[in-house]
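The following blocks contain the structures, represented as structure tokens.
Shared between the two complexes below is subunit A, which has subunit B as its partner in the first and subunit C in the second.
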Partner chain A sequence: MPTPASPSASASSSHRRASSDLMVRIGSADSEIKLRALRELKNQIIGNRTKKLFFLKLGAVPAVSCALAEAQAQAQAQAQADLLVQSAAALGSFACGFDAGVRAVLDSGAFANLVALLSFPDDKVVDAGARSLRMIYQSKLAPKYDFLQEENMEFLLSLLNSENETVTGLGASIIIHSCETVVEQKALCHAGVLKKLTSLLEGSPSQKDASLESLATIIKKNPEAASKFVSESRRALSSVTDLSKDRNPRTRLLACMCLIVIRNTSPCYLQDIGIKTKLVYLLLELLDDPGQVGEEASFAFSSLLAQKEDLQKLAFEAKAIDKLHNHLQKHLLQPRRYQGILLALAELCSKLESCRSRFLSLEVLNLVTDALTHEVADVRTAACICLRSVSRSIKSLSAGHFMKEMIVIPLVRLLHDPSTSVQVAALGAVSNIVVDFTTAKSTFLQCGGLKLLVQLSKSMDPILRLNALWGLRNLMFLADNTCKEGIFLELTAPSLSSLICDPEPFVQEQALALVRNLVDGCLDSIEYVFAEDGIILDAIGRQLQSASKAEIGIQGMYVLSNIASGNEFHKEAVMHQLLLQVNNGTQAFILKFLQSNDSQLRTAAIWTIINLTFPSSPGASSRVVKLRNAGIVSQIKTMVNDPCVDVKLRVRTALGQFMTIGDSST
Partner chain B sequence: MPVRVVESSAPSQVSGANSGKTSPPACTLLSVGQAFSGTQNVSSLQKDEAWRVNVRIQGCDLEHGYLCGTMEALNVPMADTPVVTFWEGEIVDTINYTFFTGKWEATPEDDKKHWDKFPSFSPFKSQVEFDGGKNLDLSNYPYIFMRWKEQYFVNVGTDCGLTIAGFYYVCFSCSDGSISGFYYDPNSSPFQKLELKSTNDGRSGFSFSSYELQ
Partner chain C sequence: MSLFWIVIRQLAEIEAMATSKKVITKEEWEKKLNDVKIRKEDMNKLVMNFLVTEGYVDAAEKFRLESGTEPDIDLATITDRMAVKKAVQSGNVEDAIEKVNDLNPEILDTNPQLFFHLQQQRLIELIRNGKVEEALEFAQEELAPRGEENQSFLEELEKTVALLAFEDVSNCPVGELLDISQRLKTASEVNAAILTSQSHEKDPKLPSLLKMLIWAQNQLDEKAAYPRINDLSTAKLEDPAV
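Presenting the complex of A and B:
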């Protein structure tokens, strides 16, 4: 039975009626009605995401797109010009900051019609078209513009040369969106775009911003473009520097970002301490901006500091850690701002102990630990990266600052995070934390970390395998017997031998480094490599014979060297591996390594020989004979003047031992 | 290694930077994980005394002339357990650090007096007298000169009645991994000698472990 509608239901249904009516009016044959409807629609959706979505569902975009196309077809009359302006503006509003809107506009086929508006004689129409297209180009969904086609480049230049500010802005937006490769950067430079953009630095506020961003896009990682920009006009670089003092915070930020791109691309520019300090202070100040500028400032700050110890020192002196800490303490941080601040702290603590020390004394660690459980994956990743940086402090690792349940438990949980990038970042932090020099490695095992590391070491993703093994290798470093046994039992001999033979060389290297640590320390630990008929040792021998890079040889030889520092049985097992190829008639890998260009590899190889011929061991003399017969002793004799001091000294030790043992030919 | 407190003084801070990365060592016997044991002579006018000492290298960053580790003093009379301290080292590479300490209450005269105690220092004596040895190339020399400064107690509180105010002048032999050192603290007995040898955990040879920070 029908009942009276409630007031809210009635309001809602009248709203729906009005909207349907609006849609009908957009489709009206009467230009006046259509124009008013388009204006009304535009006004309703501007800045209102809910309304945009509502009208999107009602099919407003194809309707407006149709109105645009019809008006274009009969564009002589003034009324049609107004229709073009209003329909373009409505489409632009749908696209503004709203990807679903951009998709709908593109799907409706309006893009080509909007581009065509740029050739209209009426300035207002051109402006509306350009404005709408700019909104589209701000989205990742916008079509990529092919600069390499001559007519496209000409069209782009015509946009940049336009008197209309919106049109030049569109040209810049196209560059920012579509210039991705070095070839495209070169094509733009060659076409004289840098010069044009430099001139726009003197233009209106929006032209300045667009030009700064486009310049950064063209110069990024392209030293040739950076040099062309700086040398083409004497004013170019100083114009950008001047804009870092602009009244508008966004312009200041974009100028800083442009300067950072130039410096990161060609470190020869902007070496002056004054400009470096200025950039540090400017970006720290811009962090205070409550909006998007503040968010982006932290990312710009990170790229300023990345890999640069001098700038990190300047930032430290400018109390950057304290300032970032203050920001981190604010409640309800937007995820992007949160992420940016954590990454900036990570860069700051990546190299300097003074920064890490300040970080720890301010107790920033607690706030970063909180971020490990944030709902947004990018924030969790950033928190892990920050932890990874700060845990590079050996001084703090030695004091056991990180191996605490409040850090380890959430970190271990992230090892099975649904996002792979979170897992990789968590593994990075874990790898450092488990180095722990105190006796607290067991904390990690108790928190279930070992099981997860072992699981991840068997992942199909080679990056996860690498990082999990890296963690296990560091966990194994100076581990006590219980911890070693725990790792070995969890990992098992067959898994370890298959990781040594992993298809990825960097995984092989970490697996070998892990075994190196396994057989270090207590003498009994050498026995692990003899488990299950010695499959681990056999895998090492095979891998050394086919080692694709020096690092694999280094880690593998240290495994053999550590085994060779054991008892007679251990030493003979190593001899067997070394001479296996000689007996097969091929060159022994030990000879190849002793002749290597890598001094670390030569060192590792010579240590193995020293251990095999250690004077107090009973079988030393028979081993010297075998080594001499295999040509290894004579190879070592050629190395007495090795350019590397370490190798030279070890060669002397080895020759001294051969002599003591009684090798008459020495 | 800590010594008895004579007069309280705060430990100086090492300002050296380190990336946390472990670079390849100049000498494998001085690489991370390597252990040494020996004695420190703490004799005074009253009595002859030597404490057993164990050292473990924990970090090495040659680019910054940085080395660090722990030092364990075993038979400290006033402590119930072995006393472990964490130390940071400056490698005299004439790039990051020279023979002159320039801090920790050590004058150039103190430096020269201490370096002079190492026979392996003699080839550099005149150059160090002349300009501090700032242009010397020590990269191929089979001895490594260092200063080790204890930074904190690892397993006891600061109220343990011991002090780590001083620092060590250290000379490491790359040939056999032996270490000699002299403790310097204006408030302690002068020239307390540290003598350490590379240890091998009962093995017939040398074993090397490694870690790598990310």
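Presenting the complex of A and C:
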């Protein structure tokens, strides 16, 4: 706003003088002056973040905290009550939605004094104390309340049983803030808190809200608590369902969230189509709320849809994509709302092709692409997650909907975003998009995407390494030889072999999967694993010998299998890896894999043997002899009736080849 | 009468018979109404709810004494609420803010939009009183930071500051901000927020009941002719139009 500079400077200096004068008056010995100063401070900071910060820096919090402590020792009742109310209110305001303020209030030692206010006879004092404590408990910084101590549980129950609404609200806030573990949830159930909260569902509007949120906290991911809540009183569940029709939108939202928590915790409840449909429509309607309720509704909607195809289908039928699209088109979206809508779209498009094609036909993609460059990291992350979800569509990938500069360039830029969560989400989207079946993957290479992926594959953060390799693996998928060569030259053999030996098993698996795609296809591409004296192949052999999980074995065996499909030199190199341990006297990994419980691993292992013993290749018969000597042939013979059809079929192919070779050699 | 008109009238009668609506006479209707028992206490509660929500504290007190109906809220809080409302309506916004904060400090701390509108009203009053310097300083010190936090506040702020740019504010595009209706709008926003904070519905129940009555009559109109209430202030049953 263009305002002249000089008056503002003088204004703020006069403002500063007045403020330090106010600080002096708060410290005054005259309780009349002190009271007026406290009230003035309170009126200045309420609703005003800038002022809160300003007075915080002036040291106002310790001063008010000191006034509170002094007032508790004050003899004259009315003067005492006024001072207590004003100082508690000021502290509460510092703590309201302002973490730095919460920290300052806690550091000033005011917490215990505020708790002490709860046992004052004057209702106004109790109210002021409870309200300020509730503000503190709404912050993550509040001290954790230990429910497992008996006297604490009793105190909590006394709060919940109070006649004073602010005090019951405080009790609920404590539960919402501090109940995290199953043990704590159980302790609360055991103490009869569920029952108390159920009765508060019939209370005043604020008690309803507080109770719904606390119930959700206690029931979340705890099937025992869910069934206790549902079975304890026949009215309990229907009270919550009724509240989803309340007049107050916030109450409706909290009731929906409570129902979603119950359903996600124990899928046996709330299964009928009626309630499912109702939840979908309710939440879509709540999205229209212009305030916080509308923001939170999108997150609740996501948790309703998560992993549930039936609900995603209902949402699709309720035109959820169109509605979310309309919201996305609005001007000046608040970041949290923006994030929530993108995540809801991501959830909707995570499984159903019908949702994805509606998404694309409405051209929501353009709006999501805009969000990739949003200034808030959470919005960028959500946009990436949404892109990843939509790009699961093989149909649209084949149509080349995503390999466009408009999408790829901002996405690649996010690969070096300062926030790791954005990077990981961007890698997730990149991984899907680079699969691209049609056009050359050149768009991505041209804008420097490859270099960044390779850089990230060397990151210190294992999650980044994992996702970067995932991207490279998909980029390698069905790529032409020029593209493969480009990737390989950028990645280099030494770093690829060190990624195969990464300390994290999930990184090892991705690295092997990447090599598997690298050596898939023509003979030339097999040569890559022989670069630099075959360090990659050696790394694979070592990793397979010590493989900590089946997935590593599977990817590794498919690499060997792909190599074994090559020429004689390639086949012999694989033989060398397979029999290395036999010569050392330890059990060969191939035998271990053939005996594995994992049918996919058995399949991968048997494929390698099939490729090694293909009868038309010149060295086949000598390889069969070696395999027989190592006990591998006899192992395969025991597998003719393998429970897995796929394995059984391959075993028969292998045995057939052994026979053919045996016949011709004799 | 020409044959033509006779035919027309017959046609009309046939049509009326085809869609023949049920006719309910006034006697029948009143008999049915008498069968519906509405407890006097419920009616009284409805009246009390209206008086309390609208802030008629004296009337509520008298009604309490006369009917023995207990209000669902402490009558003293109505006085406080009305004082806040009145302060905004008469342009003493700062006074109103202090009063709200005394009532419940949480209201303005957790309701940024309301807080902004009150501060905006303060700015409007400064401009109305020709305190240009003070208005600019206030806009910069108090309102500009809120605009940074929220884009839509910034737009409203820009509109308000635009008042300073016009010589004749009564005739400028943003002149409506100086209108008395702007004060009333802000006042009713504060009133609603206070009611909500007191766990009280922000609208009285009576008007929505009347709305339901109108809706129900419209529904019934399609199916029957009955003694309708056309004048809500007298609630007189009209004779069914046959």
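Rule of thumb we're sticking to: the second predicted complex is superposed on the first by the 609 of 666 C-alpha atoms of A that agree within 3 Å, B and C clash if a C-alpha of one lies under 4 Å from a C-alpha of the other, contacts with A are read in each partner's own complex, and residues count from 1 in each chain.
The criterion applied here is as follows: contacts are C-beta pairs under 8 Å (C-beta built on N, C-alpha and C of every residue); 3 or more make two chains touch, one makes a residue touch a chain.
Only a predicted model underlies this, so the values are computations on that prediction, with no experimental measurement involved.
When the two complexes are overlaid on their common chain A, residue A:Ser204 makes contact with subunit C while staying clear of subunit B.
In the superposition on chain A, A:Phe506 makes contact with neither subunit B nor subunit C. When the shared chain is aligned, subunit B comes close enough to touch A:Ile610, but subunit C does not.
Judged by the touch definition given at the top, the superposed model places A:Arg247 against subunit C, while subunit B stays out of reach.
By the touch criterion defined above, A:Phe120 reaches neither subunit B nor subunit C. In the superposition on chain A, contact of A:Gly47 is made with subunit C only, not with subunit B.
When the two complexes are overlaid on their common chain A, residue A:Tyr281 makes contact with neither subunit B nor subunit C.
For subunit A, the partner that touches more of its residues is B, with subunit B and subunit C as the two candidates. In the superposition on chain A, no contact is made by A:Phe155 with either subunit B or subunit C. Subunit C contributes residues 97-98, 101-102, 104-106, 108-113, 115, 133, 136-137, 139-142, 144-145, 147, 149-152, 157-158, 161, 196, 199, 201 to its touches with subunit A in the complex.
Subunit A contributes residues 309, 313, 350-354, 388, 391-395, 397-399, 428, 431-432, 435, 437-438, 467, 470, 473-474, 477-478, 513, 516-517, 519-523, 555, 558, 561-562, 564-567, 571, 600, 603, 607, 610-612, 614, 616-617, 645-646, 649-650, 652-653 to its touches with subunit B in the complex. Within the complex formed with subunit A, the residues of subunit B that make contact are 15-21, 24-28, 33, 56, 58-59, 68, 70, 86, 88, 139-142, 151-152, 154, 174-175, 200-214.
Those residues of subunit A whose C-beta lies close enough to touch subunit C in the complex are 1, 3, 7-8, 11-12, 15, 39, 42-43, 46-50, 89, 92-93, 96-97, 131, 135, 165, 204-207, 247, 291, 332, 334.
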